[in-house]
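Quick one: this structure, given as structure tokens, is what I'll be asking you about.
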């Protein structure tokens, strides 16, 4: 079962000035996919705070998937993609491309997302928009690829969708 | 009103060997959007010359939007994306992705554009193709997102399309 | 006539544990396009081995096009994009974007490709998936743009699809 951690990047929500509605929406979404909820944190739009949480959920908590929400826009305080790029070992550009391009027909403002995604150790990290509707619409585009991607990261499947090669060295246990 | 500067990257046009037809086409386009024309320069395909003009229009002239045209192809002299990457502080990958993918149905040669885009200070910088038709077709794909993106950069709107947070520190005046 | 070299990145095929079926499929595909086959190598998923072969086919063999296959997925051993980025001088992001986005309707797993592409000297280098079907489906998306791109790289055509400028300095001979 895929263990998912959530990181909300929001100055106002981290100070309690705005109520967060994204965590409940994403918890509901995760449950529907049959994935398990590992934990959630709300942090200000600061690169060090974001990096620290990503490293915590990846290295300490052994999350299979970290979904961040917020901080991917054009505001000066938006630094989630920059923080993500500093903790991942490999970029996985197909996720953000698909989220932007496949939601363009819903709104041409989809291209204002600067989201990125990548792999750190055994963990897949993906940036989502800050609002619940945008976040779940983006997940709809990529949800089918996520479990397969995680299985390959963790060595339970061979690459390129070929049959399992069961690469011993990549196994978690 | 959005203030727009144009930078044409072209060896032949900067030497006067070819007549430029992109500036008039883009001026017309800008006018139709209700944006204002700040100025235009034609420079050779040289990274330093391009960077200098981008910095001038961004830092000195306080352009809201810089549209470059040309120098995004596969020729050895094409260096506009490289120049742009050296002056921007953040990349905004959705613009070039959308320009390439949404004009693919017009021509599969759309993917030969190496265009990039990003934010420098309060200015959005976007690379367009060198010919007037390609440049305006690409603008058609992204024109709706541009004003919104600039408002967020300049702190007049919150990120992710949420209602205005009026972040004081990001305001121009 | 476009001279094409193939590099297969595969641990198991390089050790002879699995039979390679991608080289014959790509040779057939190349022939159909009227391109010529220059040579093929099967190398393990190791960055140095991959880089060495790319440099050999580009600098020594003067390939117009290098197609790599495999090593673009999420497995820990998948390093073809990283190897490619270290040998290219300019990225050409339109190829991988189009391959991922235009095959998404065939399978949403298309976004698991981390493929990249770029230019080294007079050579265009493009990463393809590891299996024959995925590799040829991706080529279908980009095949029309490839010859034009190579002509521009080699200075036989002007940039941005404009008429030939016959830039002397860019010519191979």
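In this document, chain identifiers A, B and C correspond to the written order of the chains, with residue numbering beginning at 1 in each.
The criterion applied here is as follows: a contact is a pair of C-beta atoms (placed from the backbone, for glycine too) under 8 Å apart; a residue touches a chain by one contact, two chains touch by 3 or more.
Quantities reported herein were computed from a predicted structural model and do not represent experimental measurements.
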{"item": "Classification of the chain A:chain B interface as same or different, half of numbers criterion", "value": "different"}
{"item": "Angle (degrees, nearest 5) of the CA superposition of chain A onto chain C", "value": "120"}
{"item": "Inter-centroid spacing, chain B versus chain A (mean Cα positions, whole Å)", "value": "29"}
{"item": "Multi-chain contact residues (two or more partners), chain B", "value": "97, 101"}
{"item": "List of chain A residues in touch with chain B within their complex", "value": "12, 70-78, 81-82, 96-97, 100-101, 104, 108-114, 129-131, 134"}
{"item": "Chain B residues touching chain A - in the complex, by the definition given at the top", "value": "90-95, 97-98, 101-102, 119, 124, 141-142, 144-145, 148-149, 152-153, 155, 158-162, 165, 167, 169-170"}
